[in-house]
Structures are given as structure tokens and as C-alpha cells.
Amino acid sequence: MANLTFIVFCPLVAAALIALLPRTFNVLFRLLALVATFLSLVGAVRVFLALDPGATGLQFEQQVPWIPALGMSYHVGVDGLNAGLLLMGTLVAFAAVCVSREITERQQLYYLLLLLMAGGLLGAFVAFDLFLFYVFHELALVPTFLLIGLWGRGEQRNFATFQITLYLSLGALIALAGLIALYVQAGAGTFNLPELTRQLAAQPLPAAAQTLIFGLLLFGFGILVSLWPFHTWAPTGYAAAPTAAAMLHAGVLKKFGLYGLIRVALPLLPAGAQSWMHLLAWLCLGNILYGGLVAMRQRDLNLLIGNSSVAHMGFAFLGIASLSVVGVTGAVVVMIAHGLLAALSFAVSGYLRQHLGTVNLDQLGGLLRAMPFLGGVMVMAMFAGCGLPGFANFPGEALTLFGAWNAHRTVVILAAWGALVIAAVYMLRAVRALWHGPLPERWREARDARGAWVRLPFVLLLGALVVFGCAPRLLTDPLRPVVARLVPAAVEPGATPVQAGPPAPGRAVETAVFTVRREVAR
Amino acid sequence: MSDVAVIGLELAVVLTGLGVLLADLWLAPAPRPRLALVTAAALGLILLASFWVPAEPARTAFGGMFVLDGLALFFKRFFLLAALLVTVLAREFAAGFEAGHVEYHALTCFALAGMMFAASAQHFALLFVAVELVTVTFYVLVSFQRRRRTALEAGAKYLILGALASAFLVYGVALVYAATGALDFAGVARSLAASAGNRLLVTGLLLVGVGLGFKIAAAPFHIWVPDVYQGAAFPTTAFLAVGSKAAGLVLLLRVLFEAAPELTARSGHLLPVLAGLTMGYGVLGAIPQQSLRRLMGYSSIANAGFLLVGLAARNVAGVEAVLFYLAGYLFAVLLVFLVATLVWGGAEGDDIAALGGLGQRAPALAAGLTLGAASLAGVPPLAGFWGKFLLLKAALQAGAEDPALYTLAAVTIVAAVVAIYYYFGLVRAAYWGEATGEARATTLTPLARAGLAACAVGVVGLGLWPAPVLAWARAAAAGLGF
Amino acid sequence: MNPYLPWLVLLAPAVAAVAITLTALRRPATAARWSIGAILVALAASLWLFRHGAGGQTAWVWLDLPGLRVDFGLRVDPLSQLMLVVVTGVAGAIHLYSWGYLRGDPGLPRYYAGLSLFSFAMLGIVLATNLVELFVFWELVGVSSYLLIGFWYERPAAADAAKKAFLTNRVGDFGFLLGIVLVWSVLGTPDLAELEAKLAAAPPAWGAVATAAGLLLFCGAVGKSAQFPLHVWLPDAMEGPTPVSALIHAATMVAAGVYLLCRVFFLLNAPALAVIAWTGGLTALLAALLALQQNDIKRILAYSTLSQLGYMVLAVGLSGAGGNPAPAMYHLTTHAFFKALLFLGAGAVIHALHHEQDIWKMGGLRRKLPVTFWTFLAGTLALCGVPPFSGFFSKDAILALAWERQQYALFALGTGVAALTAFYMFRLVFVAFTGPAKSQAPDHAHEAPPVMTVPLLALTVPTVLAGFWGVDRWYARQYGVASGPAHGWGAQLLEPFAHAPVAAWGGLLAAGIGLVAAWKLYGRALSDPLPARLGAPARWLRDRLYFDELYAALIAATQEGLARVVAGVDRWVLATGVVRGGAGLFELAGRILRHVHTGNLQTYALLLAAGAVVVLWWTLNR
Amino acid sequence: MQAALFYIFAALALVCGFLVVANPFSRNPVTSAMFLVLTIVWLAGLFVLLHAFFLGAVQILIYAGAVMVLFLFVIMLLDLREEERRRFRLPGLLGGGAVAVALALLLRAAIRDGVPPEPAVTGLEGATEPLGRLLFTRYLLPFEVVSVLLVVAMVGVVLLSKKELK
Amino acid sequence: MTPGLEHYLVVSALLFCLGLTGVLLRRNLLVIYMSLELMLNAANLALVAASRFTGKLDGQVMVFFVVTVAAAEVAVGLALIVALYRRRATAHVEDLTTLKL
């Protein structure tokens, strides 16, 4: 089962089967979905365990020509970068199917779309053909829109659906333009990533072209990841989405953009990366600080989680903007950690919404008494969200801060404030409002998650967060050789930073620091 | 005799039309409806036969007036397929016409013949008569459903505006002739190469362009489209959107790249600007529309804009993209109109809100509509996505020479996003719109099923396995001699 | 065995915490057994380590990236050896005590899980070899403190206090983390041993940013040890159960800041130390003043904790770069015992009075609660620095240090605080224990069960005797100061008077003044006479000099205000203005455009012809 | 002589054309139709001047004879007189006029620029025979297409004129 | 002065524009249609003149096609207008505005 095609196509084949079944076989739909995502999960675990962490090349590689005329092929593989993402993706997919118990209408279509989404996003993470990469992403994206539209909730559903559809389509198209431009400019007549990498390593594009294409990719992918100020789709979209869609999108699919930046943009367009990184570093502050401050003011749990998810993406961007091995590694860890965390948060929030009918913080309170299990899970998730050690978010965020320090000093200082203080403020406020305080009479009968089956998704996600949080090397060791190859002219401590930073406040101090460091090196 | 062999396909089509007309006179009323199937079968056979016609080497006939090359063959197959599906559509729509069912099919064949001649035109005389054959047939087809108030109005509008465009076309031909003394494309091209700056010639060619731009619904000659689309019957609208547009396009291709390559090369920003305008107009105008046909009219304008992007790129990749785009467009549009026919039939209106609850009462139709709309919106991995993908690729390739194409690519992206908005509106109406009172029984005839399946297979198949059609498109585009 | 023994110390409570969470959340007895057993195992192992040291060091590589390698090692050196004993010892006593104090509370398993988690984290801080590792455990003690303060989460005050404690700590941690990053970026490693070696090899390398880095690291200590200006959370933290206050908010966690400073002492330079000293001194004075007018028994103790922490920080600051901060650790150690004792005593009182905490409703408890009273009195005397109690020696060491360093202002400040300390502590003793009963509550009080009194008695032993053992000499080994020969008991008692007579006599005199003043005012008082005498200043002190209000206003004006503005911008400008507006513009354009289609075919013809004309004109006139 | 005839015919054609479009005295369609017939006749004159004798004849026979009769017949059938009571709207008037004038100016400029140098007028005669020969050899295909077009027209007219079936 | 091609073309252009004016200004469908015929005739004139001055008959053949096509178009068009009139009792463009926006 340690076969990528198997992992990707398990959900897709199950989707096809569901489409062919009669409309009334409701139990079977769910069962099929569970089995398919579980098989994918098992496959991903085996791939992850069998991965050779020291290797730099692709493993489990498979390649079949698709459209030779345009240099497109079905080309999948894993290395240290996407193995963790794949594992996280399958895990979240399985959890998402588990929590889909809340759906009672049109189950056939629902599971069909959910499985399509799962297959698409898994495919996107293992694709090594740029075009395949894009197509798989879209395959996952389109069902998202339908899921939100059809099973969404709240008064803003319509608007949210349209907003997320249009915004993400715009982002995807811009990214597509970037990918096409890359293809055209490289002139190798291939979308195959390894070949393109070889080609561009031998003959780098001119700096101007790199800057242009990198810009397209940055903003195209950036929109997909809710890069500030293109983030407004995220909170409203997630607030309206059915639980599983929010979990899969916020958790996994959103990472596609970051993955694309790391996998495609950084190694192929090193000069372009240099020219955009400073802007990106400041934009990511928009995510971290602005997103965090907005989250502080939310009174709806889903909006709060949505905005916090915007904020967390900032760390991944910061890691990328650092252009250092440490920072980019941190970004990947943040991606995985946030994937699990977002899925977990939305799962809890979805449960609350389903059982209480509201997730408005002003109406809830003291629920820890009535729902100790969920409360415990949620409190842990919130801790993870404010970067507490022991959860995978901490190593990720810490690494991004460490990695970015040399290149973007002021940004790191402000980002640390966002990570340590602002995140804690809104997370703890949510805990205080939801779980602490006296339990109102009307929620006294609220039902906790009971039974192993109901608890399973929460336990799985939380467990993964803790495991990766305690042993981040599970993720970072395989990443190390890969990232070192992907990051152009990585900034190492002790080396002069590549980024000739602009005159920022505290520049004099920085200069002093660098001078000093050289002395140490000697 | 060999000349006749070269136009064999067209002859077969004309004979089918005449045969159906005559059979209508001879047959008793009862078996007449089956003539639709006969027509469809005949067209299908001709379509099959067309695959035995070799595209290489290009053959000419009638003193070079008619050419059978890859491009022509590509479009002939395209038109045949379109007409075949339109015939199916018309059969399903039959209840909407009060009379003249068989004539409808015959006229479809004649219009098809006109389009097929157009695809092979190498001479302005053939161009003119072929265009007129198509246009005049459409005057009749548009006003066919006389029971609806709007059909005749649409017919009258199409009549006057079409005739006006024809007048421009003819006058353009006259000016071209006055400037060069030639009516064949090769002669005009030679003359143009000798005196590229001749303004009389340029004026003439531009006026020809106006006539053809009218056909493909390019801004600023697109203004008739929404009204006429809305007034016509579904099969007619579909045929207008697919066939008539493609006929204009193939002629435009021939004129731009065979009759006036010099002028095209020096046309500067004209084509990009027109492409951008057309796209923008189409997508913006479509936003507030309530009537499906009117929406599809604006969408048709927008698609004309997308197609013009390929022309504006002025490279072989652009033409290739245009051809592939059209192929995907054919299936998607016919899919949408097939669903519309089955939903509304010959009703007076076609309010999109009436789609409400379709997802529940007819999942197959809703799925078909979704597929068609998604393909038109350019969602991968459907056929429409490839079209947009190839167009963007061509534009970005051409951008290296003319940076205006980069801007055009940006406009294309924005327009594509806006297009997603209104296509998604269709899907939304079908799945989570309020179900209206008039829930028509939707039992599908085998023919309708077959049509739906064919279109769906086309949309998906072209998306998943675009290579063969892409290869044809590439070969056809290469024939234009870049 | 030996190299792995520290892991046993560290992991035993962790295992207990996990086990309780997974298996015993509904079984209090099991949970208590797990937790108490684990801490006792840790205590035993600590004692073993204290006697024999660790035979080698083991580490677990937590992260290994180019330029950033984080080893999770456990460092057993004099500093951590004794600290381990202190932590496990106090924690052991308090674990036991809790079993009696919280008997019957349904949340007991959760409580023990939190307590074990805390022990794990605190031991991690003590043993950490690496700044990142230190930070990890640093955060974990913060979170366990949060969980335990908010143990009675249904009480809004407790929930709010927990949040406040965590957030205030986070502000300090913000500086701490940046300090770590700065140290790493300059010196290239977060490993303490490597850092020390590097600095020893090339001291000037550190120069330029040393002050900044030192102060940033100190930020962490300011937060955790509740130094001014982040002192506001500690009094509120008293909303937690009293044993928690004793363990976390008196004996160990709050002292972690001081421990941190001693750990990274080699990184601190003279300017940073000056700031540290003054911060500590100021905190000591401020807290002592605020303690004067508190009426809640736990709050009085909390302010006294603050004040004593101030002493310790002051001591670190006074040690001077490259000096010997052993007095700080000395005071930390003694303070851990006597303050834990005091809190447990207070807990016993509260327990006996059914959660009455106002000292003005107590009185006469000396007879009702004899064990509690005598142990409490021992703790008070230690706190006030009365010989021969341990507090006398450690406090004297600090005052002597100030005198030696010729920091006379700080010396005077320290001495004054000593007087204030005696005053407010004896105020508490007189009012609550010896004075007349001021309500019905004391009448029904009964002495606590043995499970609570035994820990009291156990803690009394070090409270009384710790001064004779030579804790400072032990710690001095850490800083390479040759320890002199051990004194006899008597000599040890007299040594301060011989070594630094001014400090010793001054401290004693101050304590005496405080005691006498307290007796005068409160010996028989039924209500507090001070407000009447002092007027407004007394009210200001009672209201904690309005720091909370000031901070609330400050935060509201800055961060909250900013959040309000930003959220408004997000909602109205971005989401509504730009996004909806942008979409609306497209829609509007569409709606306008459709009016071109008037339906009049002549208009259409006109537009068609006009289009043709424009195209012609544009192409021809170019 | 030729020049004079050209100017006369041209002027008459233009004047009559103008009267078709904008007769200041009458807005009756019949008047327009009559002047269109006249225009066609003068154009036939010009054709003859250009030695296109066959086309001149065709012009008169088909256009003036058949087509215009059809027009008149329809006008009479429908009894159209209403336009008289409608006023022209100024914006439409100005816009239409401006577009027409602009087009005229553009065409004039193009013609001035683009007319090829005057070739020696050949002995080209637009006689019936060479025309017919050309029509049935080189132009056979368009000719046949036009025949299909005529079939379409027939079918179309029949369809459009059928009594409505209810 | 012997009239040359330019003269003929100018006349034809003027006629074309006159026809266009009629299309743009007249309200009666029939008159508009007549104006369109005028435009076609203008094209015919240009073709014939060009044929004469280039010495080739192709232009005249083209005129033949134009005339034939125009006849067919007129037939269909008039039938359409008649049908429209029967249905709507109007031949005025201003009354044909059901389809709009």
C-alpha cells in the first residue's frame, strides 16, 4: 500500500463508486468514504515510515506520460518535504470523513465531493509535474465551493461561497499564469519539475523575468493561502463551510500555496525570491499582527478560528521570507502543525455548532463542566494555537523566528509579539468565554462527545500534534537535505546575510551585531 | 470530377438537406418526426466519413477557390458535430415549434453546408456567398418559433443588423478589389506584400473584419447578440453560439493569416484591445442577467473575447488554442442548451431562477448543467480549462514580443474570474435555489440521454485526454503557415 | 544507572500526568497515588543525585538543523542539584497536603494531573542545558500555572486570574524568546555549556549586544518572577487552590526567574545587572508597601512573596558581572521552604474556616489551631529574618552583599523593606492568630487532619535549620568560588555578625522595629487603625496603587484600541469596502452596461456603425 | 461626353439616394421606394458607362423590376403610414449623422490614398458571354452555393408566410 | 476630365454613407431595408468600376452574386417583416423592444 498512486486514487475511486451507487444507500456512502480515506491514511503512514530521511531525491516515484505534446506527465513522488504533508493530509481527510456524521442530506453527493476533494489535495502534494500539481489542486478546490454552497451554514453563506470561489479562482489563475510563464520562459517544453529544475539550474532565467514570475506565483499562491491583504475570504468562508470542508480546506488545501512557493518558486526562481522577500516579510506581519488583532475582536468562534488561521499562515510566510534552511523548515513544520490544528479546531467548533446551535462566544460559557472531553481537546488546541511547546506549532513558529532573524529583524520582533502575546490573548479569551465561567442553565444538558468512534478524529489529530510537537525531528530530519537543496543561497548564522536589508529601525545595532559575529567566526 | 470529390462532404450535407425536404413532402405525417433521426444519422455518417478524408496534403478545387486542408477539415468536423448535436437538440425541442420540424432540420443542413464552405474559402466570392448562406438561413431559424412573441422580433433584429454587417462586408470586399484587383486570398496577400500601407486596402480588409466580427460577436460588433439569443429557440441559439461563431472565426483566421498576414502582423494593439473589450463587455454584461439565453448571449460575447486572445497572440500556439477552445466550447454550450431544452422546452421565458430544485428533481440534468457551466468557467480538468490554459500560454508566449499581451493575459484572468461568478450562479440556482412551483416532469428520452452523455463525455474526455484533439489543432494551425 | 537518573527525576511526574489524563480522570484516589508516588520517586532520585551527582550527561537531540541544534540534555551541577531537592521536597510536601486540602473535590484528578505537569516542567527548567529547552519548560510551567489557577474555572475570578497570569507571563516570555534568538544569532548556539565556553574563550565578542540580550533574558525573569512592572498577576493568582499558591506562586515557579538569572549569569554584564538590581529593589519595596494594607491572608503572603523575590533579584543584580550570585539562590532556597510553609499554614487556616480568607474575620486561632500557629510563626520569623531561622541568614547575605558592593541606597532600601516585612507579617499573625476573634467563624475551627499537618511540620524543619547548613557555600561552587570550611553551628549563627556587622545588626534592628510597630498597632486591634491615621495613602495602598487599573487603561488604549481599529478596518474597509466594493463595482458595471441594450435595433445599428468607424479611424490614423 | 454623363448620372443617383433616405417632403415609404427605383436606374446608367452592359440590364430587370416591386407590394400590403406621426429624436439624428459623415470622411481619405495608378483602360466589355463563361467555370462553386441559398430563401419564405397553426 | 476610378469610388462611398444614414435614422423597417439595398448598390458600383479599371471581370461576377444574394435576402426579409407585422401590427423599430437589457 506504500504506493502514492494508491493513496491518491483511493478516495477518487471511492468517489466514482459512490457516484455509481443508487441514491438510497446512505450507509454505504459513509462506509466507503471511511474505508477509502483510512486506506489512504495507512498508505501515507507507511510511506512516511519507509521514507529515507537522508535522501535528497524522489522516492516512491511514478511517472506516466500524459500529454507529451505539452511536456506533461503523471509524475508523483515524495521526499522529505511532502511526506509529512501527505501524512497530515490523509489524517485530516480521515478525520473529516469521521466528523461528517453531521451531514444528513444528500449524502451521496456530499461524500462524492468530499472524496474528490481529498483525492485532489493528496494528489496536489505528491505531484511533480507542475501541471498535474495545478490540476489536482483545482480538483480539490471546486468541490470545496460546492460543499460550502450546498451544506454551508449561516446567513452569510451565499456571500461567503461566492467570495471564496472568486477569490480562490483568481489566485489559482494568477498562479497558473505564473506557472505557464515559467514553462514558456524556461523553454524546455516540459512541466516536469525535476527537468525544469535541471534546466533552470543550468540556464537561470534573467532576473527581470524571475521577478515577474515570482511575483505572479507569490500573489497567486498567496491568495490561496490568505496572504494579507487577500485574506478576507478565509474567515467568512470557513465560518460558513460545513465542518469537513473547513477542516480539509483550512487544514490541508490551503497549504498548497505555501507548498508551491517552497517547491516551485524558491528553487526555480532564486533571484526572483530575493527581490520579493522583503515585501513578503512585511506582508506576513499583516497576517500575524493584523490577523491576530482582528481575531481578538471576534465573538464568533468560527470567525475567531478563521482569523487565527490567517495569523498562523503568517509564520509560514515568514519562514519562507527568511530564505534560510531553518526558516523554511520552520515554515513546513508550521504548515503541518497548522493543518492538524485547524482541522482539530474546526472539528470541535463544528461539533459545538451542531449540538448547541451556536458558536457565539457571548452566548456560551462554562461548557467544560458539561463537555469535559471536548473542552479538554479544545483547550489543548488553543494552547497549540498560541504556540505552546509540546505541540507541533511551537517548533514551527520558533524555527521561523530563528530563521528569519538575520534577514528581517524588525519583522521578527513584531511577529514574536504576535506569536506570544496576541495569539495567547485571543485563544485564552475563547477558552475563557467558551469553557470557563458558570455554566448557563440552557446548556446543562449539552452532550459531550461520547464513544470511541466519535472521539477518534479528535484524538487522532491531537495525538499527531503532540507527537510532532515532542519529536519535531520526525519532520525536520527528512526536511533537512531537501530544504537545503530548495532554498537558494541559504542564509546561515555566521554568514553575511544575502539580503541587503533596507534602512530599518535599529539598523545600526544590526550592523554592530554582524560585525561582532564575524569576529566570533574568526 | 476531382473538384466534386473535394467538396464531397458539403455535397453530402446539401443532399441530406434536400433529401429530408423531399421526404417530408412524400411521407405520411406519422413517420415524419423520425426524419430528425435520419438527419442526425446522416450527419453522423458524414462526420465519420470525414475521418477518412486525408488532411495532408492540402487539396484545392475550383481554381484555388476552395481548399481542403487541416484547418478546413478541423472546422468541417466541428460543424458537423455541432449540427448533429443541434439536430438532437431540435428533436428534443420539437414540441416548441408549431410547424416545420422537418424544414428545421433541412435548414440546419443548409446552414451547415454554408459553414463548411466557409471553412474552405480561399476567395472573397466564396466567403461572401458562404457567409450569406449561413446568415440567411439563420434569419429563418431565429424567427422559427413564431408562437413566442420574441422570436420574430429577434429575427427582425438579426435581419437588419445582419444585413448591415453584410453590407459592410460586401463594401469591404469591393474596396479590397478596387485596391488590388484581386478577389482571391493569395492575390490579396501578394498585393498587400507589395504595398502594405495602402489605406484603401486596409479599409477594405477592416470592413470585411467588421462583417466577420459581427458573426463571432466581437466587440464593438456584438451588440445584437443578447437580444437575438434570447429571442431564438434553444437549438437555434445553440447553433448560433457554436456554428455561426465558428464560421466567422474560421473566416477571420483565413483572412487574418492567409489574405492579410502583413496587415495582421502590423495591426499593433488592435486585436488585443478588441479582445480585452469583448471579454470585459461579455463578462460584465452577464452578471445581472436573469434569462438563461441572454446570459449565454453575453457569455458568447465573452467567449468571443477569449477566442480573440488567441488571434491577438498572432502565433501558432494562439491558433492552436483557439481551435481547442472551440472544441471544448462546443460540448459545453450544447450541454447547457440541451439541459435548458429539457428544462424549459418551448416556454416563453427561461428565467434562471426556474432551475431551483433541479438538483433534487433531476440530478442528471443538474449534473450536466454543472459540468457544462464548469467547463465554460474553465474549471480543470474539463475541456474549457484547457482552452483557457492554452490561450494564456499563447498570450504569455507572445508577450515576449509584444508586452501588451501580458496586459491582455491579466485582463483574461480577471475576466475568467468574473465568468466563474455567473456560471457558478447557474450551478447555485440548480442546487440550492428555491424550487419554484412549476416542476416539470423530467423524463429523458433515450435520444436526450445520448446527447447529454455525448456532451458530457466530450467535456470530460477533452479535459482528461486532450492530446488527440490538441494534435489535430496543432496540425491545423500549422497549416496557416506561421 | 547514574546518567539516566536525572531522566527519572524529570519524567516521573510527566508519566504521572499522562497516566492520570489518560486513565484516572474519574478516579481521585488513583490519581493522587500516581502523582504523589511520582513526586516521591523524583524526590528520592534527587536526593541520590544530590549526594552522588550524575555520572555523565545524556542528551536527546530535539532538533538538528544547520546552525541550530537543540539538545535536550539534563545538567546536574551544584545549582541544579540543590534546586532539585528543593523543588521535589517542597512539591512532595504539597502533593501530600493537597490530598487533604482538596479531599472530595470532583476535579481532584485534574488537579493532580496539573500538579504533576507542573513538577515535570519545573524540574525541566532546573535541569535544562539549553536555552531553547529552558524556554520549552518555561512555557510549560506557565501553562500548568494557568491550569491550576483556573482550577475552579467556574468562578469567573479564578478564570480571569488564570488568563491574566498567563498573558502577563507571555509578555515577559516575548522578551525572553527574543533574547534567546539574539544570543543564538550572535554566538551561534543556544547550548548553555557551549555558550559559556565561547564566552570564556572570547569575552569581547559578546560586548555590543550583551546589555540588550541580558535585559531581554531578564524580561523572562520579570514575567515569571513577577517583578515590577509585570508584578500584577501574582496577587490575582491567589484565586487558585492554596497548595498551588504555595508550590507554584511562592516556592518554586516564581523563583524560576531568579534561577534563570543564575543559570545565565555568565551572559549578564554590568549595565544589565544594574538594571536588574534596581528592578529587584524597587519590586521589594513596592510589594512590601502594598502588603501593608491587604486583608486577605493569601494576598498578604503573595505580596510578601513578591517582595522576597525582589530581594533575590536584587541579590543577582548586586553580584556584579562575573561575580557570585549565590546569595540570591540562598534566599531562594530558604524562601521556598518558609514561604511554602506559610502558605500551607494559611491554607490550613482557610480550610479550618471554610474558605474564609479575610484576616479581620479571624482571631484567636492560636488555641484552635496550635500546630498551624506554631509552624506559621516559625515561617513568619524566618521571613522576617530573625535569627536563628533560615531567613535571617539568607537575607543577611543579601544585605551584606549590598553593603560590600557599596550600594548604600540599595542597602538602605533592603533594610527598610525588612522592617516593613516584619510589620506586615506580624500584623497578620497578631490579627489572625493571637488577637481576639473578630467573627463567629473561628469558633468552629478545628485543626487540620494529619495529612495536612505533617507537611507543615516537615517544612518547618528546613525553615528553622536551613541557615546552618551553608547553602550559599554550596551554590558558590557553581560560580567557581572556593568554599570555605564548614563552620560549626554556633559559629554559623554568629558568622553574619562577624562578617558584615552592619548588615546583620541593621537587618535585625529593622525586623525589631517592624515587630514592635506591629504589636503597637495590631496587638489587640479589632479593626485596622492604619487607614484612619494615614488617610488617603492607606487607601491607595489597599487598592494596590491602581496598577491594575492603569494597565487596563493602557492596554485598552493601545492593544485593544488597535485591535478595535484593525477589526473595524478589516470589516468595513477590506471586507466591505475593497472586497464587496470591488465585487459591487463589477456588478454595477454590468448593470450599467446592460442599459446599452435598449432593445432598439437602431441604437444597435448606430453602435455597430460607430464601432466600425472607430476601428477604422484608430487603425488608419496611427 | 462620357464625363458629362458620369456627372449627370452620379448626381442624379446621389440625389435620388438622398431622397430615399431623407425626403424632406414625405416620409411615406412609397416615396422612398420610388426614389430607390430611380437610384437603381441611374446606377444602371453608370454601369453602362463602365461597359458593364449585362449588369446594367440585370440591375434594371432584377432590382428595379423584381425586387422593388416586391417592396412596393409589401408596403401596399401592410399599408404603412405611421412613421409620419413620429418625430425624430435629436440625439439619434446627430449620432447617426455624425457616424455617417465620419465614415464618409474616412472612406474619402482612404480612396484618395489608395487608388492604384490609372491603368490603360482595356477593351474590357461586360458582355454576357465572357461573364457567363467565368460564372460557370471559375465561379461555379459560389454559383452553386447561391443556388442552395435560393432554396433556403424559398423554404424560409414559405415557412415564414404560413398561416399560424394553432 | 475623364472620370477615373477615384470618382466612381467617391460616388459609391457617398451612396454607401447615404444608405447607412437611412439605416440609422429611419424608423420604418421597410425603409431601413431599402437603405440597406442602397448600401449594397454602392458596393456594386464600386465593384463594377474597379472591374472596369483593373481590366478583370471578377468584380462583375461578384456583383452578380451580390444581386442574387440580395434578392434572396429581400425575399426572406420581407417575409419576416410581413410575419412580424401580422403578429405585432407594427413595422416600427421603436415597437420592437421586448428584448432588451
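Note that the chains take the letters A, B, C, D and E in the order they are written out, and that residue 1 is the start of every chain.
Keep this in mind: a residue touches a chain if its C-beta (ideal position, glycine included) is under 8 Å from a C-beta of that chain, and two chains touch if they have at least 3 such contacts.
Keep in mind it's a predicted model, so treat the numbers as computed, not measured.
Think of each touching pair as a link: the shortest run of links from chain C to chain D has 1 of them. Common neighbours of chain B and chain E, by the contact definition above: C, D. When chain pairs are compared by their number of contacting C-beta pairs, D-E comes first. Centroid analysis (C-alpha atoms only) places C farthest from chain E.
Ranked by how far their CA centres sit from the centre of chain B, the chains are topped by C.
As a whole-number value, the distance joining the C-alpha centres of chain B and chain C reads 77 Å.
With centres set at the average Cα position, the gap from chain A to chain D is 70 Å.
Note: centroid distance chain A to chain C, computed from Cα atoms, is 36 Å. Chain A and chain E have Cα centroids separated by 65 Å.
Touching of two or more other chains is recorded for residues 162, 166 of chain A.
The multi-chain contact residues of chain C, meaning those touching 2 or more other chains, are 594, 597, 599, 601-602, 605-606, 609-610, 612, 616, 620. Counting partner chains per residue, chain B has residues 125, 128-129, 132, 136, 139-140, 143, 146, 156-157, 160, 164, 175, 178, 181, 199, 202-203, 226-227, 418, 421 touching two or more of them.
All chain pairs that count as touching, in label order, are A-B, A-C, B-C, B-D, B-E, C-D, C-E, D-E. Of all the residues in chain C, the ones that touch chain D in their complex are 602-603, 606, 609-610, 612-613, 616-617, 620.
Against chain B, the residues of chain C that register as touching in their complex are 586-587, 589-591, 593-594, 596-597, 599, 601, 604-605, 607-612, 614-616, 618-620, 622. Interface residues of chain A facing chain B in the complex, by the touch rule stated above, are 23, 66-70, 106, 109, 134-135, 138-139, 142, 145-146, 149-150, 158, 161-162, 165-166, 169-170, 173-174, 176-177, 180-181, 183-184.
Across the complex, chain B is touched by residues 5, 9, 12, 16, 19, 23, 29, 32-33, 36, 39-40, 42-44, 46-47, 49-51, 54-56, 58-59, 61-62, 65-66, 69, 72-73, 76-77, 80-81, 83-84, 87-88, 93, 96, 98-100 of chain E.
The touching residues of chain A, when paired with chain C in their complex, are 159, 162-163, 166-167, 229, 232-233, 236, 290, 293-294, 296-298, 325-326, 329, 366, 368-369, 372, 383, 386, 388-390, 394-395, 398-399, 401-402, 405-406, 412-413, 416-417, 420-422, 424-425, 428-429, 431-432, 435-439, 471-473, 476-477, 480, 484, 490, 492-494, 509, 512-513, 515-517, 519-520.
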